[in-house]
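What follows is one structure encoded as structure tokens, with my remarks underneath.
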Amino acid sequence: MRTSAINAARLVALRDLRLAFRKPSQLVQPLMFFIIVATLFPLTLTPEMSRLRDAAPGVLWIGALLSSLLALEFLFREDAVDGTLEQFALSGQSLTWMLFAKTCTHWLLTGAPLALAAPVAAAALGVPADAMWGVVASLALGSFAMSLVGAIGAGLTLGARRGGVLLSLLTLPLTVPILIFGADATELAISGADFSAPMYLLGAIAVLGVTLAPLAAAAAVRIGLE
Amino acid sequence: MTPWFSTLSEFFAMSGYGKYVWPSFVLGFGAVLLNAWLASRALAEARAQARRRLEMNP
Amino acid sequence: MLRVAGLHLWRGDRHVLRGVSFEGTAGQCVLLTGRNGAGKTSLIRVIAGLLDAEEGEVSWRGAPVRRRVHDFHAELAYLGHEPPLKGDLTSRENLRFSVGIRRQVSGEEIDAALSRTGAHGFADRPVRTLSAGQRRRVALAGVLLANAVLWLLDEPTTNLDSDGQQLVAELIGEQLARQGLVVAAVHHALEVAGPVLKLELGTA
Amino acid sequence: MATWTWFHRLASPPHVYAFAQRWTRWFGGFAAVAMIVALVGGLVLAPPDYQQKDAFRMVYVHAPTAWLSLMIYTTMAVAAAVALIWRMKVAHAAAAACAPVGAWFTVVALGTGMLWGKPMWGAYWVWDPRLTSELILLFLYLGYMGLRAGIEDPSKADRASAVLAVVGVVNVPIIKYSVEWWNSLHQTPTVMQLGKPKMDFDMLWPLLLMFLAFALYFIAVLLTRLRAELLRRERNASWVREVVT
């Protein structure tokens, strides 16, 4: 019996999870990168907590963006090299669904841990404990949206030489809205204000990303496979 | 349809903003000319290349 | 069943496929031959739909493939140069996932297929510890498990010993006996039991 | 069907080449005349703004270039979408021809914006929403051209960059909105105003004519670049022999 689209997507996600736990270093490295970047900022800025707190949203979001770009490079590359993506494309299933499953898994393995680890970096930047929920929530939603946008870039750069730098060049301008709304939500959370308005906008971007990004990523991957 | 400026030096001064107005027009219309030139050069090069190819293997 | 009509493919300035046409029927094996760079791999990838030809058409069961590409792929098993296996998973895990995304497959079926291709002895070792020939045998088990009507095999005997080459010929023979259709690119002669159509590329 | 013949002609490189060859000089000629008339109208005939004095005249170069930079991106994305949907080679060539011109005019819009900003805001760079969006538009162009340059196979490069152009154009309004939102949170309202709410007719007609001139100019440049692209892409086709000898 032919596997349903949902089950195929589930299997893709399970395989990626299993592979990730067999090789945990790839998971930990972007996370380490994020923590190190965030904790290096006080050395270049000031040790003064009140000024660090003002810079905290920017530091956290730039750190999250760079570390997610670092991780995105591996989203499709290995699968393209070892023929797994070809197998997906010829499986008689919707490539869009399978890539969506891959992207969600990727976020679960990189973006979600990053959001959970953010309070450590945030505390080092003088963010008060009450604001941590807002920091985690905004980074979780924002990194999900970034993964979706990044999946398009990762697909497009499959056929390119030196794809890593190119991936950043393509993806960074597209992430501007996520960065703006996300950093704003974090800032409002730190100042103790209601941060729901930018979160709604971030959510709207994520919804748009869910509907459109996997389609674009599938088109991009098909081109890259040729 | 009368010119706004009565003297040429007034025109160049642009009520004191000349050092911003003139560079921006030079930049803008310089780019207009440059892009026209770049496009026609690209065409000329493509034509020359096509001609060379045809001469090599007629 | 499979009709390839007037395929033209350029790669940059190279005219790789120059009007390739053939027709494959059920129970037939189409062997593609030709020197390196004659377009064997390209032709297989065009048939699979991984590559777009500038001109020409591939039809399956009388309808252009492009129109119902998912249904075509459901009946297709493709084996390229590299066996599509994950080094960090065992052979068994690899097959469970890669066949699983196509159809529901039981552990017994996977065991049977691995035994048939002589890969049972190393079914639970991570693929990265296997030799190239052993990987090829695991990948062949994957082709068997796909339950596909059409097999597209690109140099299926690469890295295989003489036993392995014999195995590929047998597997193809069995597929033909099941009224399947096999299109294979080959370097060396392959003795297949059944009707064979030889197509030499790069001569036209 | 007769109604579709124009569409098929659009897909045929020799037809498009011949069309471009015939019409480029007309578009270019009208663009040059319109540009000169608008320049005279804007620089000499129009009265100065009551607030900005003669500095306002920079609108005649800044506004058309800024508008053009966005219009070229849209044109590129539409060409890319057409190329992807109907597998039309000519449309890929057109999209490729758009990018460098668009990037140039984005740079010019930024440059003239900065020159205008200095007397108005007292600094060359202010994080004004329009300038910021323009800067991000430049990054989008750079990404597009980077992707095109990064992929060796020309047909792959065409299609990959086409997907990027379409994704980018979906993003442009979101970027624009987000930058405005961000600006309204962080910035005191800008002091730059474009004259009185209602522009004088003497000021307006040179501006409108300049927009028209830039549009015609862009068409002329695009057609020229398109011809170059077509010659390069179709170098093995027989029609090339006829047009270059």
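As written, the chains take the letters A, B, C and D, and residue 1 is the first residue of each chain.
In this text, a contact is a pair of C-beta atoms (placed from the backbone, for glycine too) under 8 Å apart; a residue touches a chain by one contact, two chains touch by 3 or more.
Given the structure is predicted, the values throughout are model-derived calculations rather than measurements.
Looking at contact counts per chain pair, the maximum sits at B-D. Put simply, the C-alpha centre of subunit C and that of subunit D have 48 angstrom between them. A separation of 36 Å divides the Cα centre of subunit A from that of subunit C. Averaging Cα coordinates per chain places subunit B and subunit D 15 Å apart.
Rounded to whole angstrom, the centroid-to-centroid distance between subunit B and subunit C, based on C-alpha atoms, equals 58 Å. Listed for subunit D are residues 153, 235, each touching two or more other chains. Shared interface positions of subunit A, i.e. residues touching 2 or more other chains, are given as 226.
Across the assembly, subunit C contributes 52 as residues in contact with two or more other chains.
Pairwise, the chains that make contact are A-C, A-D, B-D, C-D. Residues 28, 35, 39, 43-48, 53-55, 57-58, 60-62, 64-65, 100-101, 104-105, 107-108, 111-112, 115-116, 118-119, 217, 220-221, 224-225, 227-229, 231-232, 235, 240-241, 244-245 of subunit D are the ones touching subunit B in the complex. Across the complex, subunit C is touched by residues 1-3, 7-8, 11-12, 14-15, 18-19, 22-23, 82-84, 86-94, 98, 225-226 of subunit A.
Only residues 45, 48-52, 70-76, 78, 80, 82-89, 93, 97-98, 100-104 of subunit C touch subunit A when the two sit together in their complex. Contact residues of subunit A toward subunit D in the complex are 152, 156-157, 159-163, 166, 169-170, 172-174, 176-177, 180-181, 184, 201, 205, 208, 212, 216, 219-220, 223-224, 226. Within the complex formed with subunit A, the residues of subunit D that make contact are 84, 136, 139-140, 142-143, 146-147, 150-153, 155-157, 159-160, 163-164, 166-168, 170-171, 174-175, 177-179, 181-182, 185.
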